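Each of the next two complexes has subunit A plus one more chain, namely subunit B in the first and subunit C in the second.
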Partner chain A sequence: MNELVLETHGLRIAVRSNSAMLLEQLRNRTASVAAQSSGTPQLSYTIEERRGESGLSYAIRCGTGRMQRSTTPREALDAVLRRMQLHVAEEAPDHIFVHAGVVSWEGKAILLPGRTFSGKTSLVVALLRQGAAYYSDEYAVLDRCGKVHPYARPLQVRVAGGSRLWTAHMLGAEVGSGPLDVALVVFAKYHLTSCWQARPVSPGNALLRLLANTVCARKRPHEALACLRLVAVEAPAYVAMRGDSGDAVKPILDLLARDSKVGRKL
Partner chain B sequence: MTVPTSVAVLRQRCGSVKEYARDRIFSVTRSILFETSCDSLDDSASAPAVRFRLAGAADLGALGEKPHEYDVSAKKFGFDRLQGGDSFVVGECDGDVVFYAWLMHDQIDLDQNVLIPTAEHIAYSYRVFTVEKARGRRLCGAYYTWLKRLLQEEGCKRLICRIGAGNRGSIRAHTRAGFEPCGDLWKFVLARHCTYRADRRLREWLGNLCPAEYFSSSGLLLRHNS
Partner chain C sequence: MKPIAIKKGITIEELPGEIIAYDLGSHRAHCLNRSAVEIWRCCDGTMTVEEIASRLHQQIGLPKDPELVRLGLEQLKAARLLEVESVEPAADPPPSRRAMSRRHSLAAMAIPVVTSIAVPTAAMAQSRRGGTHPPQPPHPPNPPRPPRPHH
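And then the complex of A and B:
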């Protein structure tokens, strides 16, 4: 078995496979968020490639327990990556992961929290097309000071019949490099027939909404609250209904221009 | 002091001006989309001296401007594509890389970074290159034979590629490898604005393959990712 140990956000995860190529593809897919390491891993996954009568299949295990079976290498990689990301989001010791799209505009970070299928990625793509820098389409990675760090995995754009991976460069956008203060939080909800409508919410309300999207909220509530409080106090927050993501870009940037200098207190 | 007035330097500079004008001022270019089924294998097109394998970032980093025609910006683009999940294949002969090619899954590329999602189980082959000393050995055909076997195992049904209409060598090699033309794609550049238009045949073909929202009824590409 070949082994690849990846280190990200203070965690080391090993992936073992009898297919060297699968590990190579995994290394490529995670290059922007994880580094290769030689230390002892805290968690391991195994992807076993099997050749049967009906062709190739892939058995995936987490530790010693069986997890799932895939028929294509990409499906197997996607499954392992999904599990790995969730594990890191839950266990990363010095960071709080919030389900949110993040971009930076003129050095200010915009947080777009939302659950899976809430339209985070399409909003991020629309902002990147207008010249924003890419931070993340899935997790806002916050440190203890409330600053947001890049988590620039390839954007997972959903289209009819599945999802496709696009990197920020493919969209003509740059990837953000350092931690930034959060300047605006927009809880945008997509509805097909909606026009843009936004209303401000109090810092307390914003804090609760952020907590609802925080991955480690149940495991480490104190740490999560301390970190999210900083964001809720400093950044103006809005709840919005939106239609097409392209139409939401200008109002979001207008909110940023109007409110980014206004600080708030709980 | 060397005065850069040699013919080579002049040619290079004229080439740059021509390229600038083509990309940013005005140009009309035509390319052809080709398709083949992954089930149609041509075993006669084998080149046992060359070993094909899926490659990674280290292989990409080792390619040079000569003889692979891979410069720094192309490598940067390549690393980006690897992160995006594309596959990179090299063909080696006596330890040297004499062939390379890229493969994209479930989307096609109508221009650099103009991606259109397709239905699943479709692979798109791009940037296929044979080094000068290995040309004429039918490596392209051997590569596609190898690739189709690999794609069959992955459950992939169709293989697509796009070739510039003027690239006769590549069109010949792909036709020999079993590819059939699906229609023409026109690219219009005017003052840095690009427009893409598919002819009727390609439009019908893309209609069965790509989400309808990407094309107007007149064949104009309405939305892309750049």
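And then the complex of A and C:
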């Protein structure tokens, strides 16, 4: 078995596989969010490639327990990555992970919290096309001071029948490099026929909505509340209905301009 | 009856004019606006609804209306932030927030409001991939552009 140990956000995770190609792909997929490590891992996954009568299959285990079986290497890799991400998002000792798309505009971070299929990635893509810098399409990684750090994994763009991975550079965008203050939070909900409508929400309401998207909220409520409070008190927050993601970019940047006086008209 | 707030097992995060009350047992979180906070703070088992109404009138200038307090108490009870036995069961449901707002010509923000969520587990909060069609498939990437000047 080959082994790859990855270190990210204070955690070390080993992935073992009899397929060197799979580990190489894993290393490439995680290069932007995790470094290779030689330390002792706290958690391990195994991906075993098996050749059977019906072709190749992949058995995935977490520790010694069985997790699932996949029929393609991509599926196996996605499954392991998903679980690794969740583990890190829940256990990272010094950070709070909130499900959110994040971009920066002129040095100010915009958070777009939302669950699966809320259209986070398409909104992030639309903002990147207009010149925003990429931070994440999945997690706002907040430190104890409430600053947001890059989690610049490849964007997972859903297309009919599956998803594609795009880098920010493929969209002509830069990747953010350092922690930023959060300047705006927009809880945008997609609806096919909606036009842009936004209303401000109070800091308490914003905190409650952020908490609903926080991975470690149940496990570490005190830390989560203290961290989210900083964001909720400092950054104006809005609840919005939106249609096409391209049409939402200007109103979002207008909100940023209005609230922080640093935005610029498109 | 003299309402009693439940504070055991509740962690509080204070914000300007609001609080978040997190129930560590049920993993429900509640946002109390200012009026609801003041009512909850008065629920120490020593004050009647009428006395709480007087206190709110003195402290934050709310109309001295026990119905306004009952509206807050009902929401606090539903959020399990009050000892159920300490709150008199209402003969009639309290007036709606809108009705209360009209009755006293109050801004909506002055009416006690408790907003609640069930805090998700990590797995519930986790994003999934694939499955159904996307809400909105974006266009393919543009060709790379020259880098923007750094701000």
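In this text, the second predicted complex is superposed on the first by the 260 of 266 C-alpha atoms of A that agree within 3 Å, B and C clash if a C-alpha of one lies under 4 Å from a C-alpha of the other, contacts with A are read in each partner's own complex, and residues count from 1 in each chain.
Definition applied: a contact is a pair of C-beta atoms (placed from the backbone, for glycine too) under 8 Å apart; a residue touches a chain by one contact, two chains touch by 3 or more.
Predicted, not measured: the structure shown is a model, and the values here were computed from it.
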Requested in this report: Go through the superposed model and pick first if A:G52 touches only subunit B, second if only subunit C, both, or neither.
Outcome: neither
Query raised in the report: What is the contact status of A:F117 with respect to subunit B (first) and subunit C (second): first, second, both, or neither?
Result: second
Query raised in the report: So, A:V159: does it touch subunit B (first), subunit C (second), both, or neither?
Result: both
Query raised in the report: Which of the two partners, first being subunit B and second being subunit C, lies in contact with A:G39: first, second, both, or neither?
Result: neither
Query raised in the report: Which holds for A:V233: it touches subunit B only (first), subunit C only (second), both, or neither?
Result: second
Query raised in the report: Is A:M170 contacted by the first partner subunit B, the second partner subunit C, both or neither?
Result: both
Report summary line: Winner on subunit A touched-residue count between subunit B and subunit C: chain C
Query raised in the report: So, A:T214: does it touch subunit B (first), subunit C (second), both, or neither?
Result: second
Report task. Mind working out whether A:G65 is in touch with subunit B, subunit C, both or neither, as first, second, both or neither? Result -> neither
Query raised in the report: In the superposed view, which residues of subunit A touch subunit B and also subunit C?
Result: 125, 157, 159-160, 162, 166, 169-172
Report summary line: In their shared complex, subunit A is touched by residues of subunit B numbered 53-54, 56-57, 76-77, 79-85, 87, 105-107, 113, 115, 117, 119-120, 152-155, 211, 225-226
Report summary line: subunit A contacts subunit C in the complex at 78, 82, 85-86, 89-90, 99, 106-107, 115-119, 121-122, 125-126, 129, 131, 138, 156-160, 162-163, 166, 169-172, 174, 190, 192, 202-205, 207-209, 211-219, 221-222, 225-226, 229, 232-233, 244-245
Query raised in the report: Which positions of subunit A touch subunit B when the two form their complex?
Result: 21, 24-25, 27-29, 31-32, 55-56, 71-74, 125, 154, 157, 159-162, 164-167, 169-172
**Report entry** subunit A contact footprint on subunit C (complex, rising order)
**Finding:** 11, 13, 15-20, 22, 24, 27, 29-33, 115, 117, 119-123, 125-130, 132-138, 141-145, 147-148, 151
